[in-house]
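One structure, as C-alpha cells, below. Some questions next.
Letters A, B, C and D name the chains as they come in the text, with residue numbers starting at 1 for each one.
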Amino acid sequence: MADMKTAAYICKGCELGTRLDAAALVKTATKEGKMHLVREHDFLCSAEGVAMIQNDIDNEGVTHAAICACSRRAKTEAFNFPTTAISRGNLREGVIWVRPDTDEARETTQEMAEDYVRMACAEVKAMTQPKGNPNTGGVKTLLVVGGGISGMTAALEAARAGYKVVLVEKTGALGGWTAKLHKRIPTREPFKSPEDNGIADLIAQIEADANIKVYLNATLAKTAGAPGRFKVDIAVESGPTATEDVGAIVQATGFTPYDMNKLPHLGGGQANVVDQAGLEALARAANGGPIKRADGKEVKSVVFVQCAGQRDTTGEHLQYCSGHCCNTSIKQAMYFKDGNPDIDTVVLYTDLRTPGNGEDFYRSAQNKGVIFSKGAVSRVESAGGGCKVKFKDLILNEETEAEADLVVLATGMVPTSGPDLDALAEATRVAEGGDEAAKEQVIQLRSKSVLNLEYRQGPDIPQFKHGFNDSHFICFPYETRRTAIYAAGPVRRPMDTAQAVEDATGAAMKAIQAMENAGLGRAAHPRAGDLSFPTARLEGCTQCKRCTVECPFGAIDEDERRFPLFNESRCRRCGTCMGACPVRVISFENYSVNTVGAQIKAVDIPDEFSEKPRILILACENDAYPALDMAAMNRYEYSAFVRAIPVRCLGSVNTIWITDALNSGFDGVMLMGCKHGEEYQCHFVKGSELGRYRMSKVYDTLKGMNLEEQRLMDLEVAITDIETLPQRINDYAAKIVEMGMSPFKGL
Amino acid sequence: MTSVVATNQTILVVGGGIAGMTAALEAAETGKNVVLVEKNPYLGGRTAQLYRYFPKMCHPTCGLEINLRRLKANPRIQVYTLAEVTGIEGRKGDYTVNVRLTPRYVNDNCTACGECGKAVEAEVSDAFNYNLGKVKVAYLPHAMAYPQRYVLDPSIVGTPDAERAKAACKYGAVDLDQKEETVSLRAGAIVWATGWQPYDAEKITPYRYGEFPNVITNVEFERLADPHGPTGGKILRPSDGREAKNIAFIQCAGSRDENHLRHCSRFCCMGSLKQTHYVQEAYGDEGKSTIYYIDIRAIDRFEDFYAKVKANPNVSFVKSKVARISQDKDGNPVCWGVDTEGYKRYATTHDLVVLAVGMEPSVKGVDIPAEVMADSSGFIMADPQNAGIFGAGCATNALDVNRAVQSATAAALRAIQVVNKVARAEG
Amino acid sequence: MARKEYAFYPGCSSQKGASASNYLTSVESMCKTLDIKMTEIPDWNCCGASISYAEAGELPRHVMNARNFALAEQNLPGQDILATCAACWLGARESKERLEHSDVLMADTNEALKEAGLNIKVIPEVRHMVEVLIEDLGYDELKKPVKKPLEGMKFAGYVGCQTNRPFGIHGESFENPVYLDKLIETVGGEAVPYDQKVTCCGGALAFSEPDKAQAQIRDIIESAYDNGAEMIVTPCPLCQANVEVYQGSINKKYGTKFNIPVLYYSQLMTLAYGGSAKEAALDGNVIRARKLEEFAGR
Amino acid sequence: MSDMNQQMAARYKNNFLKEVEAQVEMGEWVKMCMQCGVCAGSCPTNFHPGWEHPPQEIFMMIRAGKREEVLTSPSMWMCTSCYNCYVRCPRKLPITHIMHGLAEYAYQLGVAPKFQPTQHLSKTFWDNCTKTGRVNEVKLTQTLYFRDGLMAGIKQGLAMKDVALGLVKAKRLNLMEALGFGHKCKDIKGIHAMLAKARELEAKRKGRQPA
C-alpha cells in the first residue's frame, strides 16, 4: 500500500519503563520494525497518551499503529481508533508480569519484549483495516416457517418492531398444535386453572397486520442466497410457486407427538387409550360438557401415565423428557375435575416436573382432588369396559393396579427438523458410488427437508441432540450454525406454549439483528460486528474444495467451475477456510496467513549455541489467550523462551505457520485450543477439532525434516487453566531444552 | 459530575448479569443505543461466580469472555457499575430515570497494575466468594472483572490505607474525593434484569445453616470447587479444613415449601447433579455424593445428564426431604429422615452438607416502579398494560442460564419495538 | 393497683396436691415480686389436653375450652387468659383459633354452651406465662428485681414441645428457641447448649408407652449431663414430671445413674428475687435440688 | 359400632379418601401431601423401629383406598403431639391433628386395635376430667393401672411405687383424692349437659349416630 504510514508506540507505564530498556525497544521498532514513526510514553493509555496517538493519526497521517503496551484485552476503550489498523505488542501481560524481576532474568525478559515489538510491527504492516462490504444484501423481510404459536409469535413480534414478514404454513390454517388444545397451561397468577389457548386472538392479530403476508398450504421448495439476500421459492398447494426475497429465517416447524403405537405394552393403539393430543380432541369435542370416549361412553375414571415412551433407557424410545407433559396432564386432569369433581383422576409419575410456578398448578390440582401416585407403570391392558393399569407403587413399595374408563399416555415431542445432515452426507457419498439403495435413501431424506437450502453443506440446519435444532451453547441459545436462520419453539427444544412464545420472540430478535448486520457487512455472533471477510486469490486456487467442505457454517459454495464461492453474510469470520487452504489463497484484511506468518518470521532466533530455545505458542483468542493473560495478572511466571500469538480459532491455523516456524529455527510449537469432541467448547464448532486433525498431518512433515514429534505440542486449554497453564508451558520448555536445539537455526 | 448521553430512543438495561448483558448486547448489535447499569463494581453477575455449567461442564467465564469482547467492541453501550436505579418517571417511550452512582474511588486512569492492592493492609470479607474468604481493601473483584479497574472498599476512606493506596498509584487513578451522586437519564424503554438471590438458608431452621459450619449452600460450594475460589478449588470443610469426601446434597432447601418459597427454583436439581461431578473430579472413587430429593427435575434433554450421574456408583439418591440436621462430636453433620420409597429410616453422617437453596428474585422488596408488575413470589410478570418496562432473566422466573438468556433476548426485542416506534414517530 | 392483670387459668395439674402444685406456688411468689395480678377464672374446667382426642372427638374438646373463655369473658372482661401449663395454653389456643375460623363450629359451640347457661361473643387472648413475662414485661424488667443472681450454676433449658410448636413464643425458632436460656441468664445462671432442647419427652405416652417415652427422656437427660448441666429447667408441667419422676426406672432399665433435678423457670426466678426455698417450692421436687436449697439458705 | 363401620364404608362407596375428608378432623388436607417424607423423619426417631406406617405413607394408603389397613393401624396412636411434623411440612398439612383425627375415627368405628394402651389412656383421661370438670390424678393413675385387672394393676402399681411415693413425699400426689376428695367444678351438671349436646351436634354434623 502506497499511502501506508506506520507508527509504533512504546509504553513505559506499569513498570514497563523500569523493567525494560525502552530505548532499546524504540531502536528495535525503528531499525528492525522499520516503522516510520516511533514514540515512547510514560503512560500511554492516559488521555494525554491517547491524544498523542490520535494526533499522529489526524496530522501525521498514521494509518498503521503498533501499540506496544499491555494485552489486547486490556485498555480497549483507550486504544480504540476505528479507522486505523492496530496491532498490540503485549509487553505487560506477555512479558514483565510473567517474568521475575531479577538481574539474571533481565536479559531474556528484554529479548522477549523486543520480539513482541518486532512481531507487533510485522503484524500491523501486513494488516489493512477492514471497511466492510455494504453490498452483501439489504433485504429486511423476515421469513417465518411454521404457523403455530411459535411462528405466529415470531411474525407478530417482528412486525411490531416494524419489519415485513412472510409466514409460510404447510397446513390450511394457522394455529398449529396449540389451536388443537382445549385450553392451555396457565401463564399468569394464580396458576390455578387452565386458560384459553389464545390462538383465535393471535390469528386475528396476524390477519390484521399489513406487514405480515401469509401463505397457507405452502412449503419451501427452494431457499437460495444468503442473509440479507435469500430468495425462497414457496410451493403453494394447487397454485403457482411464489418467490420471495427475505433477509433472515425463523424456523418454527414444531413437533409431532411420539407415536403411541410404538408403546403396545402401555396400551398404545388399544381402544380407550389416547395420547395427550387425543385427550385434547375429546375435551374439545365435549366442549365443556362431560368428556366422552371414542365409543361415546362418558368417562368416570381416568389414569394418566407420565413419561410414556420418554426418559427411556432401553434405546427403543425417547431418551429425553419433554418438559411440558407433567403440567399438561395436570391441566387435562382438571378438564375432568372442573367439570365433575366425582370423576376419579389419577396421575402416575416417577418424578413430577412442574418447575417455577408450575408448583402452584400442581398444588391446585391436588386441591381439586387429582390423585398423584409415584408409580412405575409396567402394563396397560383393556379390561371390562375400560383399562387396567399395572404399576409398582414406589411409596407403598408394592405391585398394584388401577382400573379406569380411559388411559392417557403422556408421550413426548418429536421435532419436525428435517433430515439429519450427517446421515444425508453419508448417504450421498455412498450414492455417488452408484449404490441404488443409497440413492433411494438420499431422495427419501431430502423429501423430509424443511428449508431446502441450496447450501453446499445440505438442505437444512444441523441438528444437535435427539434431532432438535438447538444451540450447543449454554450462554448462547441462539448460536446457530446457519447464519441468520434460527430455530424457535419445540423444534429447537421440547417446551410448552409459554416457553415457545418467549423463545419465538428471542429468535425474531436474532433474525432481525442478522438482517441489520448483513446489510452492513457485519459478522454475526460470536465475532459480532467484525467487518473483515475472507477473499480468495482464485488464480492460485486448486479447487481442492477443502474450504467448502470444512466451513462450519456452510458459507462457501462452489461455482460452476468448482471454485469456492464465498457468501460473506453467511460467514462468521473464524478463518477455518484460511487454515484449510493448502495453497494459502484465502485471507482476511486484518487476519491472514501473512499477518501471523510475518510475526513468526519477525522473531529473532538466537543461534544454536545460545542455549536459548524459541517456542511458538498459537493460542485460541477466546480461551487460551485470556488464560495466559489472567495467569500474568496473578504473576504466575513462565518461560522466557515462548512467543505467543493469538489466533481466531485453531481451525484458522494454517500448517504453513508450523512448518515455517520450525524451518526458521523455532525449537517447538505449542497449539492451545479449546475442548473438542461431543461436549466441544469451540464456538466455531469444529474449529479446534479440524486444527488438531490438520496438525496430525504435520507430524509426517516433521519426520521428513528429521525433527522429533515432540517439537509440536497440542494442548487442550480451558479459560480457567490459569494456574496449570504456566506449569504446562514450563514443562514443555524443559522438555525442549532436554531435547536440544533445533538443527534448523540460521539456515 | 458524570453525564450520561441518552435520549428517548435509548434502551436502559438494569442489571449487568448474563441476562442484562445479553439484552444490552442484542439491542446494541441491532444498532440501538444502550445504557447498562450494574450495582456491583463488575459485570457478569452470578454466572461469574459459578465454576462450571450443566450439562456441558464448561466454564461460565468462557461465555463471559465472549460477551465482554462483544461489549468492548461495541461503542453503542455505555456501562455504569456501582450504579443503582432509584426512581423512574414518565411513560413508555419517554422515561426519566434517576441512577445513584456510588464511588469506586478509582478513576479511568487505573491500569489494573495492582500497586494499590500491594500497598494497603486492611482486609474485608470477599463478597465475590460469598464471604468465604477475605480481600484487601483495594482489590480487583475477580480475574475477569470488567471494567478492569481496582475498587477501594468504602471502609478505607479516612484510614492510613487510603493514603497508602493513593501514594502507590503512579497514575492518579486513586481518587478519594469521589462522592456519591445521582444522575438522571432518558430512556424510551427499560429492561429490568436484576436477577436473583439465593434464599436465606438460615431461615430453614432444621438445617442449622449458620450454626453448623459444615452445612453450606450450593452457591458457596461453587466457590469451593472453583480453582480461583477461596480454597484454590479444594473441597475442604469450613470447620477444620479437612477434605470433604462424603457429601450430602439436600434438594428443595427453601423451594417447593410454603414456609419458604412456594415455587420450584428449577435449576437446583441440575445444580446438585453437576456438583456431584466436582466431588468425583476432586476425589475419584473416594468421593461419595448423596442426593436427598423429592422429585429430580432434570427437564428435557438434561435427562441425559441425570442418566449419566445415576450411572455413577459414587452417587446415591434418596427420595426424601431431610427432616433435620444434627452435628456429632467431630463436627460432622448428620442427616435425619426417612427414605419414602419403602419407608426406611436413616441418620446418616456426612463430611459436608450442601443445601440446594432456591432462587428468590432480587427485585423482591426492592422499590421498583409501579408499572412493573410482580407476582406473589416477587417475579416480574409480563405487563398487560404493555408498558415500556420489560423483565428479563431470573427477575421474571426461576430459570437456568440458557433460559435466562432466551428471556433476555426476547426482552431486547420488546424494548426495540418501543424505541423503533418512537423513532418512526419522530421521523 | 397491679401493673398487669390477667384471668388466670391454672389447669388441673397446678392445683393443690396435684402433680405441678410446686409450679403454682413458685409462680405465685414470682408474680408477687413482679406485681402481676392473676385472678383465677371462677369454676374453670379442664382443657381436655391433647390426649383426650380419641374419646372426646372435636366439638366436645372445643366446648370444654369455650366454657373457660365464656367464664373469663363474663367475670373478668377485657383480661387476657393466662395459662401456666403448656398443654392448657396450647389446647385453649387451638380451640380459639379453630372457633374463630369456623362459623359452623362457633355456632355449634354456642348452642352447646347454652346448656350450661353460657355463650361467647369475643374470645379473649390466650397467653402463656412465659409470653407474658417476655412480651408484657421484657427481660430488662425481669432482671431488675434480681437480688441473688444464680452465679456459677449450669442449667439445661428444656423447652420441649408445646410452648414451642406449633404456636411457639413470638420470634423464636422451632428448632432452637432461646427464650428459656435468656430467662436463665436473666437470673444470673448459665444456660448450657445441648442438642435435645426441643426433643419430645413422650408427653402423655409416658403412661401408655412408657418404654418408648423413657427412651426419649434418657436422650434428653444424657445430653444435658454431657454438656455439663447441673439442673434442668422447663416451662411445662408434663415435661417436668416426665423428665423428673422416671429417672429411677430409666436407671434400672439402662444402668444409668441419673439424678438431675428438674425445675421450673419460676422456681429459679423466685430464688433469684430473694425468695425462700418454701416460696420457690423446692420441697416440691422429687429429686431435690440441694444446690438451690443451700443457695436459698444463704 | 361395627355396623356403623360398614355403613360408613358403604356411604362413601369405598372411596376412602372422600370418607376421610368428610369424617376425619382436618381430613381434607390428606390430598395435599406431596410425599416428601419430612413428617416421617421428624417424628421422634428413637421410637425404634419406628411406626408401622409414618404419616406420609398413611396418606398414600388413604389415597390408595387401603381403608382396613389404615383404620386398624396402631401408627396414629403413637403420636406424642410434639408437632414437629406439623411445623416442618412444606405443604402445611396439620399432620398432628390428622393423626389424632384418624385415631378418633377408627376408635369411634370400633375398628382401632384392641388393647391399644394410648386409646385406653385417651378414654380414661376424658372420662376422668369430664366427670367432675377437672382431672383427678389419683383415680386417673388407678384406672390406668387396673385396666387389665387387679393383678396386673398391683404389678404396675409396684413397678411405679417409687414414682408414686416420690410424688406423695413432694405433696404432688394426694391419695385422699382416691376417696373422691378431688378438685371439682361447681357446675358439673351444666358441663355434662353441655358435653352431651356437643356430642349430639357433632354426631349430627358428621352423620354418625350418637355413640
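Things worth noting here:
One rule holds in what follows: contacts are C-beta pairs under 8 Å (C-beta built on N, C-alpha and C of every residue); 3 or more make two chains touch, one makes a residue touch a chain.
All values derive from a computational prediction rather than experimental measurement.
Ranking B-D and C-D by contacting C-beta pairs places C-D first. The central chain of the assembly on a C-alpha centroid basis is B.
Seen from the C-alpha centroid of subunit B, the farthest chain centroid is that of D.
Each chain gets one centre point, the mean of its Cα atoms, and the points for subunit B and subunit D are 51 Å apart.
Centre to centre, using the average C-alpha position, subunit A and subunit B are separated by 24 Å.
With centres taken as mean Cα positions, subunit C sits 67 Å from subunit A. Touching of two or more other chains is recorded for residues 174 of subunit C.
For subunit A, the set of residues touching two or more other chains reads 352, 374, 395. Shared interface positions of subunit D, defined as residues touching 2 or more other chains, are 34-35, 56-57, 84, 88, 91.
Chain pairs that touch, as defined above: A-B, A-D, B-C, B-D, C-D. Within the complex formed with subunit C, the residues of subunit B that make contact are 205-206, 208, 211, 324, 326-327.
Subunit A makes touch with subunit D in their complex at residues 352, 362-363, 366-367, 369, 371-374, 393, 395-396, 400. Partner subunit C is touched in their complex by these residues of subunit D: 25, 44, 46-48, 78, 80-84, 86-88, 96, 100-101, 103-104, 107-108, 112, 117-123, 125-127, 129-130, 133-135, 137, 144, 159-160, 162-163, 166-167, 169-174, 176-177, 183, 185-187, 190-191, 193-199, 201-202, 205.
On the side of subunit C, the complex with subunit D involves touching residues 12-13, 15-22, 43-46, 48-60, 62-64, 67, 104, 108-109, 111-118, 161-162, 165-166, 174, 199-200, 202-205, 207-209, 212-213, 215-216, 219, 245-246, 248-249, 283-286. Those residues of subunit B lying in contact with subunit D across their complex are 206, 252, 256-260, 294, 319-324, 336-340, 343, 345, 347.
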